[in-house]
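Per-chain numbering from 1; labels A, B, C, D, E and F assigned in written order.
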């Protein structure tokens, strides 16, 4: 991997926003995921409230959607773009809440950062709303899950990529949850 | 843990911003940490650039400082407050960059979310600037490390708390890095 | 009423932000209300969803809370301040949804605009989420309901004030709804 | 009207930003109106200042234009878009100031919310600047007046729609003012 | 001048927001000034419009006031604070428009950057509104004119300071205009 | 020059955002420049730090890039657009730091204001970071240097335009620095 890979740095190493004007707008889609690890008691309380009121995940969902729209405000070298759709899904596990953000658009640049940012802000919102009950929560496994569109083509995270990202066992844990999150559409745990 | 712990929800379970007007402003401090896991090649490239230009971590530092100031814009039920100081520190490990954010203020509410948000946005900025080289990076171990001031007193994350947060082995990994981050002040890897 | 009443205009009629630095911070509270008029079919649909999911009013509630925090960003001569608490309540009537926003703080200026802005944005969010079903909705009766604290003392809207505001029959309608909104805490239609 | 009309809610009732990526950008235009009801003394004072300095309506006009640009920041499920033109017009009546906002663009989604938001923030700015003289003002009759472009075609509010919106007599009042607002271009009351 | 003067840089040269929590809030005031140089034809056109409508300077005034409130959003290491009053004044010269911004507050840090930022954005707004007539305008002489309050005491710019700022003759020109700007309160050129 | 040149004012002199919807998106580019005049001691200190850490100009670069993205938030009648690339360059002279901002995009309107705003905020950031050492700094010579694309074609500032902008000698000084800034790419003073 040469230095030339760092497209955010010019040949002199100074920060810049790379020029995307020669690119044509195309359809882009990105999926990011993370987990908020917490005590089983906290997940139960969220789940029970969820069934009755849904407010913790409801607020986190709105926060994630709004965050996706304002990604370039917060990430300095990220290009501004207009997101075309954003959705957030949650899955309550025994000791964590899994967060998945999907962003789509028709633009000159990809929406990876928008999906990552939406995931991150939704997780922080869950942390904020539950921290009076459990201050030891940990947000982890935040990663790009899938990306389509654009010159660099399709990317899908798999077990091999996961294990190459530094031996983090938690990265492996993400893969194992795929079926759970997918099934959340059917099980409707969070709604 | 009773439902009463969820101070962001009123007795009917609806979201609200809890009333902090009866509190007196006091000195508050919070430290949050996270890690951006990546391939060893990517850490080497950041480190080498860092020695020459420092731009990746420089930009992430500015992003984290600005994020701390705008936390209540992004986290819906977080109280607005005026941060009094913000600092970001980085430590480059073999397979990750560790991020530490410290925020202080004199206000009616704590600055945990400001420190968590600063950490998270600094990590996303590192991800954004390196993603053309390594798309499989994972942001993890984002957690509150220390908090002082306020009615609930001092909180310091320790090994026991870590293990209670859902059996996540990566949470334990954070503890092991304490000495590295502390020594970064001396080693100045990132400056 | 002399021109001197327009404290936002200096003696030459130019806009300025009036100086509040000589004031001491005191506890302030303001309540604002408005209504989103719509067809009975739309209120039924919101109510039914509300019972099942609560999402329309949930999203409106988050929007109102976030708007309260950013009032001075949108209203040019409004002083910036830190809101200490914000709550939004809704009451579904036959042909409208009533919105009530309560804001409290300890600051040098009142929070009337924060309450009015929160109400207005919550109502616009309801409009936005229901406009595909009913484009003829009307937002009305947006007014300050109550204000306490500060040099000008307590203000409470009453029938006399209402009728003095230009003979608008809709202003009178607000008064008639007081009992409904108050009872919403008991009836919990929206949660 | 079936639930399917609520396009902001997915089949499970959770909030999402609907996908607009399959749509082609087309020319869109929307007009929204509202009124700030106040005592005749206040309208006279605004009018007199208006003739001399124009500051109240001048500031409200700028506030409305800036609000149109930031609509998706405030309304959670509203798509971000780039407004192509914004204009605000005012008409001073005996007991109210009428506000009209017109927004145009070439985008994948309509600009109804931008026009509604601009109207609302301009009205709140008038309220803010006059509230020291008259705290009992009421903002009402905020509604979409006209919309062209997009798949759903042209919409024009008329007397029938107005009367169907809940029997609000003030909604009818809007219709009666059409000629006044139109004539404001000729009479130039506000400039 | 030692490196220790750069209080925004820590001993290792990394950016940080300096800690202001040990300071007590005190009354602060700052005045900044700048000029927008333009052709005499453009100043005449602004002046004539100004007499009739006042819109160019009216819009610039609102822009400057809003900019003062959001200074810490734009200047990375600037502390957030709540401005207590902001006023903008203009003086139309033969070949320029002079801009003066005054900001006051009761806070832990000074408001120099708020005054400088307000001046700068008001000037850019004048540039934006006149650039279709005169693209060669130059914004210059932006400087802190006066500052009171805070540990470092009172600062007033004088001829000596001006000449020490690099031999710029335009800096000297600012001094010569003092009387003009002061007299603008009496002459009311801009209102 | 007739009044018709002020395209931001409608025929009645009221502020409006001019309609750009009939225009086709085309490639646009703008370059703006300014200088921060300061004592020679301050430039030396920046330069020495620059060689070691680069933080003053690094932070200013990030601030300028973020400012370019948010120009329409701050300048009321400026159209929102999506910047495609932004770069900031600096050149340290004996008694000043020169700032150059280049912005490119494919949009319906030009990016002059984005380049001017980026320049201005980068200069204010330098001022903010050095003001504890030198309060008498002056920001000047902020002007559009070059603009290509759009119906009005290419504009390049030259000596004639400079001298026509009001006899400001500092405007002439900008021209003389052209070679220095150009050579900064070769000399890399700032990186």
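Throughout what follows, contacts are C-beta pairs under 8 Å (C-beta built on N, C-alpha and C of every residue); 3 or more make two chains touch, one makes a residue touch a chain.
Computed from a prediction, not measured in an experiment: that's the story for all the values here.
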Chain labels contacting chain C and also chain E: B, D
D-E against B-E, pair bridged by the larger set of C-beta contacts: B-E
Distance from the mean Cα position of chain C to that of chain B, given in whole angstrom: 35
Gap in Å, rounded to a whole number, between the CA centres of chain D and chain B: 41
For chain E, residues that touch 2 or more chains besides their own: 12-15, 53, 55, 58-59, 62-63, 66, 70, 76-77, 82, 191
Touching pairs - complete list by chain label: A-B, A-C, A-D, A-F, B-C, B-E, B-F, C-D, C-E, D-E, D-F, E-F
Complex contacts: residues of chain C adjacent to chain D: 1, 3, 5-9, 12-15, 34, 37-39, 41-42, 45, 48-49, 52-53, 55-56, 58-59, 62-63, 66-67, 70, 74-78, 95-96, 112-113, 116-117, 120-121, 124-125, 127-144, 147, 155, 157, 161-162, 164-171, 173-174
Complex contacts: residues of chain D adjacent to chain F: 27, 58, 61-62, 65-66, 68-70, 82-89, 104-106, 185, 188, 190-191
Residues of chain D defined as touching chain A within the complex: 10, 12-21, 72-73, 76-77, 79-82, 108
Residue ranges of chain B touching chain F (in the complex, touch as defined): 53-55, 58-59, 62-63, 66, 191
